[in-house]
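I have a structure I would like to understand better, so I am pasting it below and will then ask my questions one at a time.
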Amino acid sequence: MTYSSFFYSEILAIFRRKQDAVNALVFFLLVITLFPLGVSPSKEFLQPAAGGIIWCAVALAVLMSVEGMFKEDYNDGSLEQLVVSGLYLPVLVLLKLAVHWFAIMLPLLVLTPILSQMLFINWEILWVLILTLILGSPALFLIGTIGAALTVSLRRGAVLMLLIILPFYLPVIIFSTGAIAAAQVGQPYNGQLAILGAISLMTLTLSPIMAAVSIKASVN
Amino acid sequence: MAFESINEFISMGTHGPYVWSVYGISLILLLGSYFASVKAKKNQIKRLKQRYLREQKS
Amino acid sequence: MISADLGKPLHSNLDLSISGLVIERSERILCDNFSCVVKAGEVARIMGENGAGKSTLLKVIAGILQPLEGQIFFSGEDISYHRDMLHRELLYLGHHAGIKAVFSVAENLNWYCPNQTSDAIELALDVVGLAGYSDTPAHQLSAGQQRRIALARLWLTDKKVWLLDEPFTALDVKGVAVLEAKIKQHTDAGGLVILTTHQALDDSLSVKEIKLV
Amino acid sequence: MNWIWFHKLGSPKWFFQWANKWSKFAFVIGLVMLVVGIAWGLGFAPADYQQGNSFRIIYIHVPSAILAQSCYLGLGVAGLVSLVWRMKMAPVFIKAVAPLGAVMAVIALISGAIWGKPTWGAWWVWDARLTSVLILFLLYMGVIAIQNSLDDMQLADKAVAVISVVGLINLPIIKYSVEWWNTLHQPATFTITAKPAMPMEMWLPLLLSTLGMYGFIAAIAMWRMQTEVLVREHRSNWVKKEILDNGI
């Protein structure tokens, strides 16, 4: 096994399991639909709330899709094979995450312009929304991986994973929606974007290692 | 003493119910933690003692 | 990689020694103060009752499980905490052999052995009795056939240390003979094999029995 | 610097005997300070000129809030020690302290909410301090949940260590983000505890009750850790000897 053969096989696996990515997207759409139906379809509610609605939906959709990231590998024994492969496990985790990020986030980013019209987001604000998604979503994936790796040996780990990981998503959600809210009232939002980038970078250094520790503890 | 009388101390101006309910709930929670922890330790010691004595006999 | 220039296999000095290993699994001591040495050219067979911890011992050697106490040395180096050195030379096949259901047979082998040509892969599949299956998705195969995909890796690898958990279960009489021949070839070339099996092994192999009680 | 104490702390036997000696001491001192501090605060400290007597809730609210944070800090450090040095006592510490931290967070939340009623006129206000204690409580529940869900002890120990370390690094970010969020949504709110220059008669009992709470929780934590040591080391000879000979 080499890094490139692993990377290629991950792309292939994602491609073969397209339905998983589609499920995440549909889930994302469903969560967003809940708000106009559950609270109010009026522009007065949706326009200021749009950033928060989209970000909550993204956080949940990412959690749902990351949760199953190691499940199949765990069940068929390939996770063990990764541990004994002699390759550096954090790098493998990172490669896997990169593939997942592209598979989930690219379609989601394509979808946002359409959604932003449904939630009455102006075109100028849309740009900020997309920037927060690009800068903040890596942190969601990276933190989520730790939870996925910890709960992979559990038959019903999804709720547990939600419980332990969601609190760590709060800063990302706060600063993303903060940037969007600031843009909506015409204030500068560079600071929030910078913090989002910083959080993503910080988790980039920490969480592959933590996920690797968790994977090693989980395979037995 | 910041209060003139016992009644005043208990009523705390108009804030008595708030103050005393906070301290009451806290007392229950703290005592609960204390007794639960002490009892858990006692039970574990008892369990181990029985087990060791049983092992010694056999 | 066998170096022809030197006239002898590389790593012929390689050995794996275990000293004072204590393994605990769910509140039960499986291995108490267990020691053994396996040298290059040897086949070590771990013996023991069902549930004695044969697979667990293999996993501990592979570094998948942590022992409670004890050291493992690989060619003299202490690898108790960091198995990287061993992993570079290790091929481990466990109960679940890491075959991905969504991949075809050839894709599964390509992933593990990326440097092999498709001819080599076809040949290996032929040996384990999966000729003509290379494009079949693995989930369409039986559990036994899936195990044989994993076994095909033995013909495609240059790793020196093999840890095999029940490698013979999915094979028929002919397959067993072929695999035994492969193991012999591997040990003759200076390789090292540790395996668990219920089956009696062929006499031509120099088998060292390791008893777990 | 002498590191022997550090290595000794890693030994369950040494810890058990050390805790036998010191836990009662910590408990008595802590309890006395806690009772004196709270009695002083309730009966003798002056009432707040703005909030009146509801201010006296501070003598339980602040100690428990501080303890909730300190326990989480301890969890994070223990998680780090557990991952890096594989010290046996670190997971024991996490397992024993996490529920105590959760109780402290609950006390801080309840007292904050009840204090909020006379101060803000509402049981709950999304104030930065209350919100971050709420999140802290959720973090504790996460640690406890994963501890209880994983049957394999080695995995559970690793898992709580990982989550504690991640939490330790994230806690400042969470706190900062919540404060920033709070100023964004509620400019210049009247926060209940952030007061400029508290007079000595108010501050001293607060210090006493906080220190007392530390002692009280430390003693309970030691007992819980001892229990956990007994569970984990029940096969070792020293536990057997300790229990049969000393009849502890």
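Going in written order, the chains are labelled A, B, C and D, and every chain counts its residues from 1.
The rule is short, and it goes like this: a residue touches a chain if its C-beta (ideal position, glycine included) is under 8 Å from a C-beta of that chain, and two chains touch if they have at least 3 such contacts.
Every value quoted in this text rests on a predicted model; they were computed, and no experiment measured them.
Novice: By C-alpha centroids, what is the most central chain here?
Specialist: That would be chain A.
Novice: Using C-alpha centroids, which chain lies at the maximum separation from chain A?
Specialist: Measuring from the centre of chain A, the most distant chain centre belongs to B.
Novice: Could you please state the distance in Å, as a whole number, between where the Cα atoms of chain A are centred and where those of chain B are centred?
Specialist: Centre separation, chain A to chain B: 44 Å.
Novice: Determine the centre-to-centre distance between chain B and chain C, using the mean Cα coordinates as centres, and give it in whole Å.
Specialist: Chain B and chain C have C-alpha centres separated by 58 Å.
Novice: Round to the nearest whole Å and give the separation of the Cα centres of chain A and chain D.
Specialist: 32
Novice: Per the centroid of Cα atoms for each chain, what is the distance between chain C and chain D, given in Å?
Specialist: Here the centre of chain D sits 49 Å away from the centre of chain C.
Novice: Identify all positions of chain A at which a residue touches two or more other chains, and write them in rising order.
Specialist: 220
Novice: Mind pulling the chain C residues that touch 2 or more other chains?
Specialist: There are none in chain C.
Novice: Got the chain D residues that touch at least 2 other chains?
Specialist: As it turns out, chain D has residues touching two or more other chains at 152, 154.
Novice: Going by the contact rule at the top, pick out the chain D residues touching chain B in the complex.
Specialist: For chain D paired with chain B, touching residues are 38, 42-47, 52-54, 56-57, 60-61, 64, 99-100, 103, 106-107, 110-111, 114-115, 117-118, 216, 220, 223-224, 226-227, 230-231, 234, 239-240, 243-244, 247-248.
Novice: Sort out for me which residues of chain A touch chain D in the complex.
Specialist: Listed in rising order, the residues of chain A that touch chain D are 143, 146, 150-151, 153-154, 157, 160, 163-168, 170-171, 174-175, 178, 181, 199, 202, 206-207, 210, 213-214, 217-218, 220.
Novice: Which residues of chain A touch chain C in their complex?
Specialist: 1-2, 4-6, 8-9, 12-13, 16-17, 72, 75-81, 83-86, 216, 219-220
Novice: Could you please specify the touching residues of chain C with respect to chain A in the complex?
Specialist: The touching residues are 59, 62-65, 83-84, 87-88, 90, 92, 94-103, 107, 110-115.
Novice: Using the touch rule from the top, collect the residues of chain D that touch chain A in their complex.
Specialist: Per the stated touch rule, the residues are 83, 135, 138-139, 141-143, 145-146, 149-150, 152, 154-155, 158-159, 162-163, 165-167, 169-170, 173-174, 176-178, 180-181, 184.
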